[in-house]
Amino acid sequence: MSSEQRAGAVEKQTGRLESFSDGVFAVAITLLVFNLQVPHLTGASTVEALRTALLKQWPSYLTFMTSFATILIMWASHHGIFKLVYKADTPFLFANGLLLLLVTVVPFPTSLVAQYLTTPAAKLACAVYAGVFVVINVAYNLLWWAAVRQRRLLLPAVTPRQVKRLTRHILLGLPVYGLATLLAFWNPYVSLGLCSCLWIFWAFTFYEGSRVGAV
Amino acid sequence: MSSEQRAGAVEKQTGRLESFSDGVFAVAITLLVFNLQVPHLTGASTVEALRTALLKQWPSYLTFMTSFATILIMWASHHGIFKLVYKADTPFLFANGLLLLLVTVVPFPTSLVAQYLTTPAAKLACAVYAGVFVVINVAYNLLWWAAVRQRRLLLPAVTPRQVKRLTRHILLGLPVYGLATLLAFWNPYVSLGLCSCLWIFWAFTFYEGSRVGAV
Amino acid sequence: MSSEQRAGAVEKQTGRLESFSDGVFAVAITLLVFNLQVPHLTGASTVEALRTALLKQWPSYLTFMTSFATILIMWASHHGIFKLVYKADTPFLFANGLLLLLVTVVPFPTSLVAQYLTTPAAKLACAVYAGVFVVINVAYNLLWWAAVRQRRLLLPAVTPRQVKRLTRHILLGLPVYGLATLLAFWNPYVSLGLCSCLWIFWAFTFYEGSRVGAV
Amino acid sequence: MSSEQRAGAVEKQTGRLESFSDGVFAVAITLLVFNLQVPHLTGASTVEALRTALLKQWPSYLTFMTSFATILIMWASHHGIFKLVYKADTPFLFANGLLLLLVTVVPFPTSLVAQYLTTPAAKLACAVYAGVFVVINVAYNLLWWAAVRQRRLLLPAVTPRQVKRLTRHILLGLPVYGLATLLAFWNPYVSLGLCSCLWIFWAFTFYEGSRVGAV
């Protein structure tokens, strides 16, 4: 990863940790496809019957896209954190491990919402969905906190402004996902919509950020 | 990836993006094997019964091979684009994310065709199959457009001729897959055949291209 | 992996072996999520019914977390061994192959415990679970032994103290997992608890170790 | 992959091809675990019932281990070929693509044998199993042939003796797997045993080879 060695004297030591994390992200994001199941037609296999069955699965398509986009943004944030870090200590490793555990969990609440979105149980399914992202956000905050405390793991070139910006960027998820968890018991669609808003917002702030430094 | 650093002064910064993308491609292409299911024999487990059951699954084998070859060519094209690019900006990242989302989707229409190819619903199944590739092709065109606009992300050594060649190469999929989508409603086999023609054609033009530059 | 090249004159030759191993670890750890199944409600899909069904699956959540943490610690240990090694010979390759085989097996006893923890068969399920980790520990000891015998594969900078420390660290699992296997027939929960203690202990000794050298 | 750059003046250009291939190998080898299914007990969930059910699955364990070992040896051979190659042309890419397709197929015949080994259909299942390895071996021979013809892709340091040795090494699989395919119709166990002999033999000749050069 020669592109990461911009840091003059300090050498990056997180190569294998990054590539293992990338592997977990890549597998978890790809396993979301199991959410898309080929419908089993009970009657005749006509074009109309298949079309009806495929359209009826719209919650699967919706949650697949939302979860995919969210994991992708999470991967980009992970990448963003690791770009500022040149070595790992144990708290950082633990926080990263917790984060990876939670990333691999994402296909589970995704299936849960896909299966129950059109039933009365949607409220609980969407609360679990948003709740998992609350916990993931906590793990991100832990990871970032482990990286910045006493600046021990950060590359020398990282400015206080960059640290402050990323801190705000990551903390934002906590209240929003928390709100989405609560709102799920009122209206599951609003909760899902709020989760989607968040990754769209992150994508755009990410865009703003990328104008300043290199992506 | 020291082999990618041929570009003199400009340093490649897309290492981790490439390896994450490779991971997603590798997992998605391998998950296609779930298309191949061990048949459950209802009667006696004789050699004849198993042979009949295995042969009856020919649509699974056919779609497995077509989808595998197509994802492989898509990976090669992805590789071809990234070889000319030295950094990523946000539109490029988004286009790449959309592309990866669609690549992970491929096992779904593959299963759909495998299951319904010998039924009247084959028309819709094959239209969905070709339709997914239309959308994938749009994502490729977006990715390539994000790379070449104002030449901001391209390596200095890339010639206008290379850009033009790859633009044509990628655009070609749009009308052909679009035609395959329409033809599916007339004859699903012709549609599938056209999809196969396309990856064979790309494989050969790829061969032509590889004679000029290094692969 | 520039972070691994600290070893002055001796060049690391294990790059592709490490990245292949990382891939296997990453896939195996992510496949654990199949342990978490969306419950199928037989009656009405109400919030209460889904909550009851989700809570009833607690053995799945417990074993998912235990297995995830254990594979993560195993990956860290694997990383720890490879950091001291600069080349591979055939016994080392075989031991690594055996280890990878066993790592990919972990999702199987994990599912076994998840499914039978609340039944009388829990004793056998937990004994199989702990028993698999006994065999994995044997594979780790073989790998480490293959690395250190006659110091042929070790980097010159590795001190005898580091070797001794890691030898003790790895050997510890054998009696503890062996005990957990036996205890399973008396009380499966105690057996599971002992397996969990071990990864927590390893995590903390790992922390101690990381204070001395770089992680 | 700094360990691969031993070749003086000629620079390795196959980095991303290798890492993609590694990803496919890693996923395919890990997916074999789906061969190991948690038994569903029909009666009471006692220790005895679970033990009987687990022991009855011995064909799954046997085929899991055989397929795992075979894919591992295949990965090592793939690694062995790529170590001698510094660039890829289109025939080489195609042969590699065919090989990867076949590697991802391996979990399918593995499940087939696991399910039918104790039934009369075992003859066909084992013939398919060995037959897949015949085709895989053909792909290896194609890959190696694409690498050595006119020595265009080989590193300058590769000796004719090395080429000859690897040619023999790879060709050997053809008659043995062919024989195993035929023998399956006489005795499926002998066929499976022959397949196992082959990977054990390769493992040992690999050992011999590794004494000469670096592994």
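Letters A, B, C and D mark the chains in the order given here, with residues in each chain numbered from 1 onward.
In this section, a residue touches a chain if its C-beta (ideal position, glycine included) is under 8 Å from a C-beta of that chain, and two chains touch if they have at least 3 such contacts.
What you are looking at is a predicted structure, and each value in this text was computed from that prediction instead of being measured.
Farthest from chain D in C-alpha centre terms, which chain would that be?
It is A whose centre lies farthest from that of chain D.
I want to confirm something about chain B and chain D. Since they are copies of the same sequence, is their interface symmetric in residue numbering (over half shared, so same) or not (under half, so different)?
different
With chain centres taken as the means of their Cα atoms, state the distance from chain A to chain D in Å.
A distance of 35 Å separates the two centres.
Would you mind pulling out the distance in Å between where the CA atoms of chain A average out and where those of chain C do?
Here chain A and chain C have centroids separated by 25 Å.
Among the residues of chain D, pick out those that touch two or more other chains and give their numbers.
1-2, 19, 23, 26-27, 31, in rising order.
Considering only the defined contacts, which chain B positions touch chain D in the complex?
Touch residues, chain B against chain D: 1-4, 18-19, 22-23, 25-27, 29-33, 36, 38, 41, 44-47, 49-51, 54, 64-65, 68-69, 72, 75-76, 79, 203, 206-207, 210, 214-215.
Across the complex, what residues on chain B touch chain A?
Residues 1-2, 5, 11-17, 19-20, 23-24, 26-28, 31, 87-90, 93-94, 97, 100-101, 104-105, 107-108, 111-112, 115-116, 119-121, 123-125, 128.
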